[in-house]
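Beneath this line is the structure, given in structure tokens, with notes to follow.
We call the chains A, B, C, D and E, going by the order they appear; numbering starts again at 1 in every chain.
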Amino acid sequence: MEITLTHYLVLSSVLFAIGLIGVMRRKNLLMLFFATEILLNATNVAFAAISHYMGDLSGQMFAFFIIAIAASEVAIGLGLLIVWYKRTGKIDLDQMNSMRG
Amino acid sequence: MELYLYIALFAPLVGSLFSALFGMTPKTYLTGYIASGLLFTSFVSSAILLTYVMGGHTVHVEMMTWMATGDLYIPFGFVVDQVSVVMMMVVTIVSTVVHIYSVGYMDHDKGFNRFFAWLSAFVFSMMVLVMSDNFAGLFIGWEGVGLCSWGLIGFWYHKESATWAANEAFIMNRIADLGMLIGIFMLYWNVGSLQYDVVFAEIGNLPIVIITWIGIFLFIGAMGKSAQFPLHTWLADAMEGPTPVSALIHAATMVTAGVYLVVRANPIYDLIPNVGLFIASLGAFVALFAASMALVNRDMKRIIAYSTLSQLGYMFVAAGLGAYWVALFHLMAHAFFKALLFLGAGNVMHAMHDELDPFKMGGLRKVMKGTFIMMTLASVALAGIYPFAGFFSKDLILEVGFVEHHYVIYTVLLLTAGLTAFYSFRLVALIFHGEERYKLFGIHPHEAYKFMLVAMSPLLLLAMIAGSFKMTYYQLVINLLPSTQYHVHNEVTFWIMTIGTQLFVMAAILFAYKKYSNWNSVPDGSSKMENSFGYKLLWNQYYIPKFYEEVFSKPYLELSKIAWKQIDLKIVDATVDMIANAIYKTGENTRDIQNGNLSTMLRWMVFGLIVLLALAVAFTVGYNAVSA
Amino acid sequence: MFEAIAFYLFAALTIVMFTITVMTSQALYAITAMAAGMIFISAFFFILGADFLGAIQIIVYTGAVMALYAFGMMFFDTTRNVVEKRTNPQIVFVLGVLAAVMVVAIFVAPIVSNNIQALYPIDAAIGNTQAIGMVLFTKYLVPFELAAVMLLVAMIGGIVLAGKKMDKSLTLMAEEDIGSMDDSIEPQAGGH
Amino acid sequence: MIDHILTLLIFFPALAAMLGFVVTKDSMRAYGIAVAFIEFILSLWLWYAYDPMVSGMQFMESMPLIPAFGINYLLGVDGISLFIIILSTFFTLLGIGSLTETRHVKNLIITLLFLEMTMVGVFAALDAIVFYVFWELSLVPMLYIIGAWGGPLRIYASIKFFLYTFTGSLVMLVGMLFMAYFYYQATGQWSFSILEWYRLILPENFQLWLFAAFFIGFAIKVPMFPFHTWLPYAHGQAPTIGSVILAAILLKMGTYAFVRFSLPLFPDASVFFMFPIAIIAIIMIIYTAMVAYAQEDIKQVVAYSSVSHMGVIILGTFALNVEGVSGSVFLMLAHGVVSGALFLLVGVIYDRRHTKLMSEFGGLASVMPRYATIFGIMMMASVGLPLTINFVGEFLSLLGFYKQSHMLTLTAGVAIIVGAIYMLSAYKKAFFGTVTNEENRNLKDVNKTELFGLIPLVIVAIWLGVYPKPVLGPINNSVESIIQLMHDKAQSPEAKERIPNLSESKKIISMKEAN
Amino acid sequence: MLEPIHVSLASLNLATLAPMLIAIVGALTILVIDLVKGGLHKSLYVMVSLLFLLLDLGSLVDFAGVFLKNGTVLGFFDVMLMDGIAILAQIIIVVGSMLFIPLALTSKRFHEYNYPEYFALFLFMIAGFQFMVATDNLILIFIGLETASLALYTLIALHNRSKSFEAAVKYFTMGALAAGFFAFGSMIFYAISGSVEINQIATVLAEDHYSNIGYVLIGVTFMIAAIGFKISMVPFHTWTPDVYEGSSAALAGYMSIVPKIAGFVVAMRLFEFMVHSGVVWLQVILYIGVVVTMTASNIWALVQSDVKRMLAYSSISHAGFVMAAILIGTTQSNTGLFLYWALFSFTNLGAFTMLWVNRQKNLLPGQSSDHPYEKFSGMVKTMPMGAVMMGLFMLSLAGIPPFGLFWGKLYMIGSAVSAGYTGLALIMALNSAIAGYYYLKLIVFMFMKDPMVGYEKFYFMNASLSLKTIIGIAVVGTIFAVFAVNPLLKVITLFVYNSGY
């Protein structure tokens, strides 16, 4: 039984879907951010796989930059959460509804 | 001669404008004098023109262009020919008399100045009507007299009935005017011009169907102005106006415009005898119909109005049967004696403080000798007793009917002649004879101003002697009108007819006198006759006004309200608003998509993705299926 | 055969770990599971011959990112049971599963292409890290530098946002108050 | 200067309006009158300099605006637009002169001057986009006038007015773009010049669609049934001056546009849609007349009467012969004068009593005789009495359409009956009878300011009714050229037949004259 | 062993980096200045930023000249792509930024302007956008996008009130999701083409005759979601109103213009070749997306009670309008896109600046947002010029001629008509009509209602000379747009056409 690119793509999709579920499901913002990491990681797996099966390095580069992006996002995201938390003492997104309509 | 033409035409306008200047200011006799003076000038000019025309000439001027576009060319053109000059004479004579009379009649009225403005304006319009050399100009006058009639019927605008009657008259005339307008359109598109001379020259080349339609539409116009059935109801209601107005407009001039139109358009009607027969039949019917309503009416002016209507019927019989000159002759004679009758009635009204019910009068001959004489003679003329004017004109129409072998029409007209005599003298008897019933109402009647009586005298004179102009007139108008002579060829028949008619009429007069000259009570609606079906039918004018009210006026108002409140507001406008509201409501109802909750927002994003994915998958499947 | 076993093993592990991350109500479990999941993902990288990527994955994710999150967790005091209000949980799963199913439905079809040419071919003779370095500093130099800028931005942003100056809000203070309190760093209840 | 008189006419009021911000409140009226007067004189000068024998465009001005997209600043007048321009300046002068509004007069006059710019602009524009610019821009001042000086429902009314017409004209804009695109396809060049478009001969099915697109824009503006419901609100709520300008000028934009665009651009479609439109016109005439009859508010009577009269104008326009089109153009002017005057008159009584309900009045004729007289004259003009300005237009319009359909004209002719019914009954309710309401007993008759607006209108209404030639002549020449153009462009045999070929009849006439 | 690679410096075309580098250097300069001496007034930073942006613009103009002479310039191993639309978009980005930066010079003090970092981040953000448009490499696009976005999140939050945090967090979270979409989408394109460069992808797809249609569509789906988020297409728009409301009006106005043009350029690069190669599905999807975006946001804008939120929805609608250009995909429509956006920039600049100068520090009593309609009630009586100008901007947004945006709409609808999209043209026209209502609503409030007692003191409370200057520029730009349209059209057409769009 040979593992093909398709296997990896399917795996990637499943992981991505898990991430999506997390994004939609989580109300705690911190844990929601976890889910966004899963999304990016899922993509990374696929990139690496495609890169491998095609014998091309660009995919790995893309994954590399995605990791960098993920790291930056964490910094900003946590910064935002900190100010928000300092103001309200909560990080539940249900509390954030002063604007609507 | 053109100068006289312009003077005759525009003098009344000047008088009108002059009076209008004082329209808002308190009464001044100046307006009355000036207006009357200018009308007299107009009369003199007309007379001069008459002599000129009698010399075998005509005057035709084109003052200026009115409308010109495309192939249409309508000038202000005026023609004084044998027919129009007769009408001009009639108009100017009667109106001069009425003007002078009105100075007295309207003496106490606040709207004195305004009255003369309207009255002179009317004369001007009438002059335009008769003098125009084309149908459009005729239509100007036609509508103009309608306007002035509206202003004069509703002269006492604070009276609800007067303004109602004014509007009724105007609107009814408008209905007919539409017909006339269509007739004019047809003429233009078929002939290419509206000038009388062109039209009459070319009309023969048209298919008979078109001529027939033209004739019908033009006659519809005439029906409105001359109050022929079924557009007759306004005339009786128009009696709400001041009496001189009734005399001038609703007896002598305006209502005869219809007859004038038919006479003027004789080259058209000559080609379509069937329409002519219809006109004649309608005329005969109206003659009888109107006379019957006059029999029972208790309003002095309305009785005279019905009589006018009836006489118009006679004229149409003549015109319809092709005896245009006869129609015109009766028109002229009728103008004199009917105006006289009305003015007399005005005197009586004045005396009786605007009381109109002859049953409340009686015995007035003692206080109003002059009026009595004049009205009696006018009635005699109306009844057609030799040698008064009516005899010459009216009996001629009977003869026309007979000669043309329309015996039904003849019979009807003969019967009507009897009825005419009856109701005329019923009126005279009730007013001037019998007990002085007015005393019951505490009225102190008095004779009118002397100058008013003097002013009326020319009419009296004409009513008596107009018949003697018959041959002069005939010689004049046959230049334009068909010169058929109507003689019963059999001497015996002729004499039997003439004398028979005279006797019949006399009998009617005597009957009227007998029945009413000793009347002594005011009917209160309880008598047996008053409760009979026939009486009620006549009294209610065959229920026609009521019928119009119920079938046209009220439903129209109701329909209008429905159109506004139900259709316009609830359907048309509501649809527009509904669209706008639907859009707005959609916004209101869906704005919660953006409920401010981050989780929902994220879900919407994923939802959007999924929808697109689903479409993508569906498309892919379909695409593969197709390509496979 | 080994490859297959490794794939299925790690696939199962990552899926389980990430599922725990997403589903658990214990923040500590979640973060631990995620860290584990990321390590398992690095295993894929190694399997696929992307050694450099695997190393980065472990260092950056499990090292830096997880440390940040752990810090955050402590700061926000979410080590305990996290109570989350659930609204329409079914929809979430339906949408998630639908997404997976549909993407997978397409992905099961193999990619047919004769025209793919590797622009930067992997040369077995050259080490992965070396090859990456070669590409990174030629072709992807600009993205690389920009990534540096991005990290700088993130750093500045993080510092500024978390800094003490944010504790009082000039936006909400009346003008006259600002002048007097310009240099005092006393934390103010920010209001809202 | 005469070369650029149209530019001057368009932008002088706008410039003056901007300078008007500087003028103090007290002298604003005088300033406004002065500006409007100068503008009016300029427009009269235009008339003086206009050569009535030339049927084409005169005083053409051209300046590239967006040549890359074929948009040029292109102006010109012919006999059709000339008089509507004069009417616009005339009414602005009268409107400002007889202004009785006291609130924020400065803003009002500035707005009016801007409005004047847009009105003149619409009628002078020969480029579709320039036309559209002014067309849309005219909504703004009117929106403000209705919304800021209007009655209690003013905001609803103004928004309805704006959005309704705006929507319609956007559809029209799409039509214009299509037209330009066709031109582009035909010549490889973008152009929005109407005169260039005249040269295009479009396939019939395209004509139908484009006609429909333009129609929606114009029909809402006119307004034609069933798009008319904004009008009663707009009139009902607008201040007097707003109603006057709206009725006198703004509505004419729609009918003018029919003559300028729809007819010459789409001759086959015009013939194709002739009868449906005629039926709509007849519905407008009769139905709205009935609605007018049912009104309780005298201003609404006049408002609905406007719609009714616009029906006659439309009918005349779609007669597609010289008589009808000339008549309808003339009727545009006539209706402008008459309805403008009627709205001024309604304003007079509204200023005194602050109500427009007819039931509140009655017997005004004895209290305000001068007022009643002027009202009566204008009412009779509105009813279409001969020798008043309206009659000429109505007569010609109906006459023209009679050529196309006898039955429809007969039905449309009912206009003269129903028109009389609602007008007379309204007049009767308000002016006749005895004074029953104590408040009416001491009303002042019209004053000098009001007469300033009314007297000229009375004079014009009668003068042009008696002697329409100076106006009708130039209109006739220009209309003839349009009709001839339509005939030449028409493709379907029916259109060829329905649209008369003037060059033939001209020949015959000249032969006749030679003989 | 790996052989050393010899790269000639000339072939790198280092100049292609110049515009972005200038912005980055500017940002760094600001940081250095702050390091050297803290506590300097914001005006200094504004001026420094302007200066660098001016340099940036200068280099772009220079590039424009080069482009016209030599055509597209590639640089840095073909990562950098300076074609016509890149230059145009960058010019719009830089000019837009230059117009918005002076809005920091308010008379009232707001929190963010106390930070030199604010200006540094602003310039970083600009650089990020510039990178985004000046490449067709998905990686660089992604990083540029993220750089700009991360900076933007921070800028929003720096306004420092609870609403702005809320806005930033919402924007950030959704942005993270969108980033995931972008990555996944790129992955799919990479999988089917073996490349991350759009022109390569296009080539490969064309050579394959789109045989992997399923992959293509899934990839496009994710890309639409990602870019749709950036340019706020329905239903990826939900952040827009909240973020606009939460951030300062100055930044909201900025967001309505600059990030979106970057997004449009990416969308153009990514989608247009597919539209042209007949992926019917994409045409349908874009058609639906455009129509739904225009219509739905218009409808929601109708019911707003806050002017800024209304403008947010209106900008979504305008974005939908412009997306139509990508669907139509002719040179004319792409030209229209840039023309529209250039004109839209000026008008929206004016509208948001008007909000900004009328910004009070605390909420009005009884109101829950900064700029409720009631605040502008009767403005014509207390602040006539202000009301007239605001009215002008509203009319322009509504598309009333002859103000700026009308010409954009005209050209866009014209391009739809000439490409045979008649239905679309009609929908665009009718949407403009619906939009008329809510713009009109503000005019109604300003001109037809009576002033609220005490509100007049809030008018122009935040005004300063520079803000007024900006408004003046916007007014001039809006009124006299008609004279600018022709040169703009010519230039844009030249650029767009020569870039092959």
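Assume a residue touches a chain if its C-beta (ideal position, glycine included) is under 8 Å from a C-beta of that chain, and two chains touch if they have at least 3 such contacts.
Computed from a predicted structure; not experimentally measured.
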{"item": "Other chains in touch with both chain A and chain E", "value": "B, C"}
{"item": "Number of steps on the shortest touching-chain route linking chain C and chain D", "value": "2"}
{"item": "Most widely separated chain from chain E, with each centre as the mean of CA atoms", "value": "B"}
{"item": "Of B-D and D-E, pair with higher C-beta contact tally", "value": "B-D"}
{"item": "Closest chain to the centre of mass proxy, which here is the mean CA position", "value": "D"}
{"item": "Reference chain D; chain at largest CA-centroid distance", "value": "C"}
{"item": "Centre-of-Cα separation between chain B and chain A, whole angstrom", "value": "95"}
{"item": "Distance from chain C to chain A - Cα centre to Cα centre, in angstrom", "value": "5"}
{"item": "Inter-chain centre distance, chain B versus chain C - centres from mean C-alpha coordinates, in Å", "value": "99"}
{"item": "Chain C-chain E separation of Cα centroids, rounded to whole Å", "value": "27"}
{"item": "Chain E, residues touching no fewer than two other chains", "value": "139, 143, 146, 150, 153-154, 157, 160, 162-163, 169-170, 173, 177, 191, 194-195, 214, 217-218, 241-242, 303, 437"}
{"item": "Multi-chain contact sites of chain C, meaning residues that touch two or more partners", "value": "91-92, 95-96, 99, 102-103, 106-107, 111, 116, 118-119, 131, 139-140, 143, 147, 150, 153-154, 157, 160-161, 166, 190, 192"}
{"item": "Multi-chain contact sites of chain D, meaning residues that touch two or more partners", "value": "163"}
{"item": "Pairs of chains, among all present, that meet the touch criterion", "value": "A-B, A-C, A-E, B-C, B-D, B-E, C-E, D-E"}
{"item": "Interfacial residue positions of chain C with respect to chain B in the complex", "value": "87, 91-92, 95-96, 98-99, 102-103, 105-106"}
{"item": "Touching residues on chain A, where the partner in the complex is chain C", "value": "1-11, 13-22, 24-28, 30-31, 33-35, 37-38, 41, 44-45, 48-49, 51-52, 54-58, 60-61, 63-65, 67-76, 78-83, 85-87, 91-92, 94, 98"}
{"item": "Of chain E, residues touching chain A in the complex", "value": "138-139, 142-143, 146, 150, 153-154, 157, 160, 162-163, 165-170, 172-173, 176-177, 179-180, 183-184, 186-187, 190-191, 194-196, 241-242, 245-246, 303-305, 309, 368-369"}
{"item": "Residue numbers on chain B that touch chain D, as the complex places them", "value": "23-24, 64-72, 136, 139-140, 143-144, 147, 150, 154, 157-158, 160, 163-164, 166-167, 170-171, 174-175, 177-178, 181-182, 184-186, 188-189, 556-557, 559-561, 563-565, 567-568, 572-573, 575-576, 580"}
{"item": "Residues of chain A defined as touching chain B within the complex", "value": "20, 23-24, 26-27, 93-94, 96-101"}
